[in-house]
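Here the structure is laid out as C-alpha cells; the discussion comes afterwards.
Just so it is clear, A, B and C label the chains in written order, and each chain counts residues from 1 on its own.
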C-alpha cells in the first residue's frame, strides 16, 4: 500500500519534470537547430550532421542584400534605442515623481503601443503616412513629404513608438523601488534638488535605464510587421530580407544570417551585463 | 538664547493631525529625545525641523532666526536615518566627502576632516569599502560620521539604532552618547525605546498623539510623571485610586483606598476629599512574610497570584483587596510561592500622585 | 513655474503618441469606410460596402477565415496553457540554483526575431528534407515524408513556440506572489501535491492565467509571419488576408475593414472569456 503510493509519487514527479524539461527543450530547439544548420556542410540537416563547414557564412558575407540590410538594421536599432531611451526615461521620471491626478491614465496611455497588436499599429501608420503625403501634396508641398510612407524617418518613428513602452517600464520599476531616504540624506548634507538627482538618483537607477535601452535595441532589431509595411525605398531591415529569402529558398545561408542575428543579440546582452555590472559601482 | 526652538508647531496630513501645537526649546550642546509610541508625531516633528515636511502652523527657530521656507540643504543640519541611507554607489570616503563637497571644502582639508571622523567612529582604514561590505553597526557609525563631518548646527537622529539587534543597540547607545558629548553638538533624538532615551538624554520630551505630555530629565520623568500615559510608558507602574483624607503629624498625606490606608510624602498640595491616582513603582515594594511595623511605611496585605523569573529579578503579581493587583519586583532568589499570603511594604516617599 | 518645467518631460512623448498613434488609429477607422479603388489607394466617397463585402461575400469566405483564425487562437492558447503552467509552477517553486539560467531560457527565444525562430522550425519540420523527416527516413520508419509543414500542425507548433513565454511569465508572476505556506498547509491537511495545485494554487493564480491567455490569444490572431512561413498558402488566416489587401490587391479600405472585423471579433472572444472566468472565480472566492 505504501509502496504503491511512493511509486505513484515518483512516477508523477518523473512525468512532471519530464514535461517541464520537454518544454524547455522545445523552447530552445529551433535556436540550437539554426546554429547547427549554419555550420552544417550539407544543404539539409540530417542526423548525424554531414560535416562542419563555414560555407554558408561565406555565402552570407558575399551577399550584398544581406550585409546591407544587416548594417541598416543595426543603425536603425541604434537610433531607435537612443531616442526611445531619451523619451522613455523622461516620461518614466515624470510619471513616478511628478504625476499626481492622472498617473494611472498616463501610464496606460504610454503603454498603449504595447497593448495594441503591432500589425494594427503598422497598418494605421501606413495609412496615416499616406494621408500626410496627400495633405502635403494638396498644399503643393510634394517635395517636402515625398513618399513619407517609404522614408527612413517614418520607419524610425514606427520603431520608437513600439519600443518606448519597454524603456518606460524598465525605468519606472527602478524609480518606484528607489529609496527616497537616500535623496533626503543628500539634501541634508547640502545638495540641492538638481545635484541630488545628478549625483545620487541617476547613478543608482542607471541599470534600469540601460536595461530598457538594451531591450529597445533588441526589439527594434527584430521588429517585423512595422518594418514590412513601412519599408523604406531601396533598403529593408534584416528580418524582412531574411523573410523574403526563406519563403522561397531552402538555402542554409539563411541559417548563417540567423545565427549572426542571435550572436548580435547575445553580444548586446553580455555587453550590458558588463556595463551595468561595473557602472553601478562608480558614479 | 536656545539653539533650537520650536514654537506651537502643528502639522496635519489631510484629516489627520500628526503634530498638535508643540513647544520645545533645546539648549546648545543638549541632547533632547522625542520619546513616544509609533504614530505620536515624533518623526514628523523631526522632519519638520529638517525641512522635509512643511508645518501647517507654528515656527522653527535656529539661534533665534525663523527657518521656515529654507530648503533642507540650506539649514546646515546633520541627519542620521533609521536605515542609514548610505549612498550604495559610493565608497565610505566618498560618502563622507559628499557633504564637504557641497560646502566646497578644499581637498586637503577634506581629507584631514574625513580621516579625523573615521578615527572618531573607530573605523580607520575602511575608507575604500562600499556600504554593502559593512555590518549594520559599522554602517550606522559611518552614517553618524557623515552627519558630523560637516560640523552642522544641529544633529537630528531618526531612530538610528532601531535596525540593530538588541546587544549591539545597547553598546551603540553609549557610543552615540559619548560621541555627542565629546563633539558638543545640539541634538534631537527620536526613539520609541524608553530605555534608550533614559540612557542617552539630557532631557526627554514624552509625546502622545501629536502632543508633548512632559519634558524633563530622565529622573523627573520616571519619578514624577505628570500623567498616566507617561507613567505607563516609562517602566512599570502600579496605579492605586485613592481619596485624600488629610495630613498626618509628619506632613505626609493620608489617603483612603480600596487597599486600605496609604501615606504619601507627595510634595504638591492636595485638597481634602480630592480623588487622585497614586503611583508606586514595582521595585519600591518589598515583600515580607510578616506584617511590617516600620513607622511611616505603608503595608498592604495580599496573596501571591503569579510569579515569573527574569534572571536579574523575580516579578510577582500580588492579588490584593478588591480585585487590585500589585506588580512587584523582588530579588531573584526570594522564595515566595504562588498562593502564599504576603505583605507589601513601601515607604511614603516612594510614592507619587497624579491628579485626575 | 515648476509645473510647466516638468511637463516638458512628457510633452514630446505625449505628442508622439497622440500624433502617431491616436490619430493614425482614428484615421484607420475612417479609412475602412472609404470606397476602395484599384488605381489609387482609395476613391472619393464613403461607404459601408467594405464591411458588407467582408461579412457576406463571396460565400462567407471571410467569415470562414475569421472562424479559422479564432479557432487557431483558442487552440494555441489552450496548448500554451497546458505546457506553460507546469513550467511556470516549477520555476516559481524550485529552490534550484539554476533559477536564473532557466529564466534566461524562457526569455531568450523572445530576444531572437520571429523570422529566425520560424526558420528554425522550417528546418526541423521540412516536408521533404526537414530534420525530422530525414531522421525517420534514415531509421527506416517511413517511406514517404510526413507533412509537418504547410499545414495547421506546423503553424500551430510555430505559434505555440513563439508565444509560450508570454503565457509563462504572467503565470510565473502570479504563482510567485502566492505564499508557499498555503501549499504546505494544504498538504498538512492531507492533500496530495496534485490536489493542492488544482484546489489551491491554480485558483489563486487565475489572474496570471487570465493575463497570459488573453495575451497569447490576441498575439495569435494578429500573427502574420508564422502562418506564412510555416503554412505557406495552405493556411490562410485573417492577418494574411489583411496584408494581402494592403500590399497585393491595393484595396486599402477593404483591408482596414477586415482588420477591424478581426479586432472586434477578438475583443468579443476576450470579453466572453472574462465573463466565463469571473463566473468561475466567484465560485472560489
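As a working rule, contacts are C-beta pairs under 8 Å (C-beta built on N, C-alpha and C of every residue); 3 or more make two chains touch, one makes a residue touch a chain.
What you see is a predicted model; the values in this text were computed from it and never measured.
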Graph of touching chains, which shape: line, ring, star, complete, other? line
So which chain is the furthest away from subunit C, centre to centre on CA atoms? B
Most centrally placed chain - per-chain CA mean versus overall CA mean: A
Between the Cα centroids of subunit A and subunit B the separation in whole angstrom comes to 57
Roughly how many whole angstrom separate the Cα centroids of subunit A and subunit C? 18
Mean-CA-position distance for subunit C and subunit B (Å): 62
Two or more other chains are touched by the subunit C residues none
Residue positions on subunit A within touch of subunit C in the complex are 9, 12, 16-17, 19-20, 23-24, 26-31, 33-34, 37, 43-47, 87-88, 90-91, 93-95, 98, 106, 109-110, 112-113, 116-121, 123-128, 130-131, 157-158, 160-161, 164, 218, 221-222, 224-225, 228-229, 238-239, 242-243, 246-247, 250, 254-255, 258, 261-262, 265, 269
Subunit B residues touching subunit A - in the complex, by the definition given at the top: 50-52, 71-74, 76-79, 81-83, 85-90, 94, 98-99, 102-103, 130, 146-147, 150, 156
Give the list of subunit A residues in touch with subunit B in this complex. 179, 181-182, 184-192, 195, 199-200, 203-204, 280-283
The residues of subunit C that touch subunit A in their complex are 6-7, 9-10, 12-14, 16-17, 20-21, 23-25, 27-28, 31, 41, 83-84, 86-87, 90, 102, 105-106, 108-109, 111-124, 126, 129-131, 134-135, 138, 161, 164-165, 193-194, 218-219, 222, 224-225, 228-229, 239, 242-243, 246-247, 252, 255-256, 259, 263
